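Submitted below is the structure of interest, expressed as structure tokens.
The letters A, B, C and D name the chains in turn, as written, and every chain counts its residues from 1.
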């Protein structure tokens, strides 16, 4: 980028806006991926967090894990019953391995789930002890699954839908703005919605070393008390803006990234929630403006049309003299 | 409304009071319905949130859904057992479809609930496999219902009862006030109760386009540390008030709406709660004052009488010179 | 109280200290009882909150309720099975009412708890339907109890132990102070502990009408980041204090009450907790000072001795000139 | 320590930094142990908190407790069934005590877990009553365990890994700094991470009495909005620092302790979490600087290498003139 277009340095970062990212992340990749997830990988010590993994798993995968675990635990207990011997369980006896093993397997199922039909029941001391242990195991497993179900349902999750592009649009009073918008995808009530917008880019320092810069951007408003409809976030391009008198191309080669950090209080679930979004050079429009995405209706009140979130029209920008 | 009664514009809105509502909701309807729910409808992408729906359902409906689901799941499993064949389950055999199907149905019930009397038990491999799967299904369903019960019981819900009318009453020192009051209907302790009062109305802008305006109203006090009794919210009608030197009729044709947003911390449940209320023109009294709704009792302390929440008396307003 | 000892009026109350109590509670009783509970009774509309009642019940009572409920539900279902008729259940048949009824009763128990031994099992369509419904009922009841157990265990509850008396003691630099102290009785970590101290009393207004007054008291420190040991709260008696140049007797006839409101964040349970305490005239000591209640130990660190919380010694007060 | 190196007194403590620790803890021991736990022991009244104990127990111990409890409860019920008599339960009868007792024991297991095979079932009124009570007991126990599992999984717990040493390193602009660093060991997202750093030491007061002093230390930054990578905390050694013109040896004999208090909001679990760390004289390095512990990767983004958290190199300090 041309010397005379030099960006503001990040000396203006206020402590409360500090993102906790260093200035050495100068590689040619996004800091946040398209879903707002920070791109980082941990190496070294292995930390296994089964609870968290099960929590963040999709519902399909979660049920698959439960199903496989159920099948395997029963297989193990069946193996034990089989080895205790043919006389240890009541019911019919079979001469072939499979019939006998599956008798043990289904007895195990009936014990683990505490169904206990009783057609097959433990006869000897040892099979009774194993069955006692298995019934306890079963109850603990389902106690655990109960907790996991609840945790999966209630974990904080703001489903905020963002426009796929950010627009450079005319704002007002001769000032242009960087704009994108968002809607609350869930039917919950979000209150105290706060946003923090930061522009990050990579630039050579005086010694020729690449440094990543962060600059918080001023917003028309950075907090709203309610969030029932959509919210268009506006960064007015004033003299202090890094976008001031820039062209879109100026952002192309400096790995620029517009990062939004949204926090809100989800009053339906009683939890603080967070959402992130990032826009790269290729996700910014020059001289476009968002079209309205809601209208008033006598019967239902306001009608929000989700599919219009990306609807824009061409609109001349103000000329900065 | 007469030009010379022109309301204050909403330039005085502080960011922290921004309700997140645009100025284009100019239709002839309430923004909040009588229960404080924001009137909006989502259109477009279909978002199904079974957990949230079950959570917000009434207890009666919730149990109806469980009951129907239970009936249907058993019917499906009964169908499977019936099709596996007559020899797959122990117990008596019937020649008519209904008797045989209901035998399967009740076997399914006994498996899904893990009752497992054993009078009927699976005999063949296939019926054992289905029963194993059904017992797991049953346990998962009840694990899920356990979580839902807990979530329904504990979800944040401030039951604040508001007076049905707002009064224009004499306040003090020659100043009138807009007043309404509220009580905590639940037996829980609410602390840090904060209220934000906004007047909204629709007015033509200089170009003759209808615009919705929002103006936060100053309050005698907007936060209390405890909320054990009732709280009368007072907006003193000073020079900066949009009610200043207005008559009630002035609010009739401008779709005026007095909106209260209350947040509090429910110390019994450890959750932040929220409540909203709106008053329209037809819900405002001119020159009425609330009567006390609690009295001191030597034995019980303060006695709050809920049924007096709407008790008012006529009271002359102060004349503004 | 003598006219010339007139207390400061409560004009100095800052909004954030407003307790939400009116000035009309002038009866001759405490506002807070000895456990810090606000003395108020609701009258009028009946609001039944079974969940909250079960939550606030003692563990003993809670289990008694469960036990009685269990006995009654089984009695009802037994009554239904008995009326369906003697042929509806398998197992032995009895000629006397009691034996037959209790057979039904224990069958009900085995169904509700899903034990289902199978020695007794439903035979006819109707008994099968009722058993299917009862098994569902049982599972729902235990799902509910599971949620209640968890809620009872985890509900926010700061167990703060207060000294039974407040002392008027010498503080420092020639200034006396009103002092009381508290310890965290639970083994949890409380952080961000904040206290708000208010003196309340009843006094005649210029028209001879009794009015309750509230005055927040300045504290040496009103917030601590950690609360590992004990905390002595000190209100320094400076010129602005309502205790300034007062004798203890001055507080006797004005129904004075020293009210402490404590909030903290319980980091062990991840919840905000609250505690209250009030001291009346009869619970204040003149010219006493608390003795230390912890000492350093090379092995264990600090040793806190709970039983010393009320240990005081006589100590001359500073003379105010 | 030399008189002319006298430390700043703690007059600069701001109320919000008050740690709630008195100045009398002058014993020769750490205030916080190596895991950040405050070293204190309660004496006197015995407070038993079974829920909290079970919650803070390791998973292994927790399961051991459940297992033993299960064994003991069954042994007690078996004892009751045995004493009701040989005719009270169906199934085979044995002549020796052990066989008969274990028959009762396994019947108890099948009742408590609600497996209820039915091979053994209660025959008389009394055994039916006990079995009814045991089935209820079993369901309550497993309801409770379900709650405990969930509570153990979700209790707030920030797993922050700290460097084992704090370094005195050159910082910038001719100023040295006290530095240590931390990483988030869990895969959760911590936001609003705040740190408070305090130096504590023991010194004689003018009367020759040992007093513990606390001084909050200024930090380069004390709050970050995100915590995706590692964070190096820096206390710049300026004129107001207690480290100013000190040598490491000066801290040796005064029982100095550098205490860090970290709070953060865990967005994955929706909870505020806390972590503490303390460094003593023996855990400080003179003239060492941390080496980077992450690098940029085109594919994965930033790679954090946990095992490098303690990697340092020698680095000359700036000379203070």
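The rule we apply is simple: a residue touches a chain if its C-beta (ideal position, glycine included) is under 8 Å from a C-beta of that chain, and two chains touch if they have at least 3 such contacts.
In this text the structure is predicted, and so the values were computed from the model without any measurement.
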| item | value |
| --- | --- |
| Fraction-based call for subunit D against subunit C, same above half, different below | different |
| Rotation, 0 to 180 degrees and nearest 5, that superposes subunit A on copy subunit D via CA atoms | 90 |
| Chain centre separation in whole Å, for subunit C relative to subunit B (CA means) | 27 |
| Centroid spacing, where centroids are CA-atom means, of subunit A and subunit C in whole angstrom | 39 |
| Residues of subunit A engaged with two or more neighbouring chains | 110, 114-118, 146, 150 |
| Complex contact set, residues of subunit C against subunit B | 15-22, 24-31, 38-45, 47, 49, 51-52, 55, 90, 110-111, 114-118, 120-122, 125, 128, 131-132, 135-136, 138-140, 143-144, 146-148, 150-151, 155-156, 196, 261, 263, 271-274 |
| Touching residues (chain side subunit A, partner subunit C) in the complex | 114, 116-118, 146 |
| Contact footprint of subunit D on subunit C as seen in their complex | 63, 66-67, 70, 74, 102, 106, 109-110, 113-119, 142, 145-146, 149-150, 153-154, 159, 185-189, 191, 193, 221-229, 231, 265, 267-270, 292, 294, 296-298, 300-308 |
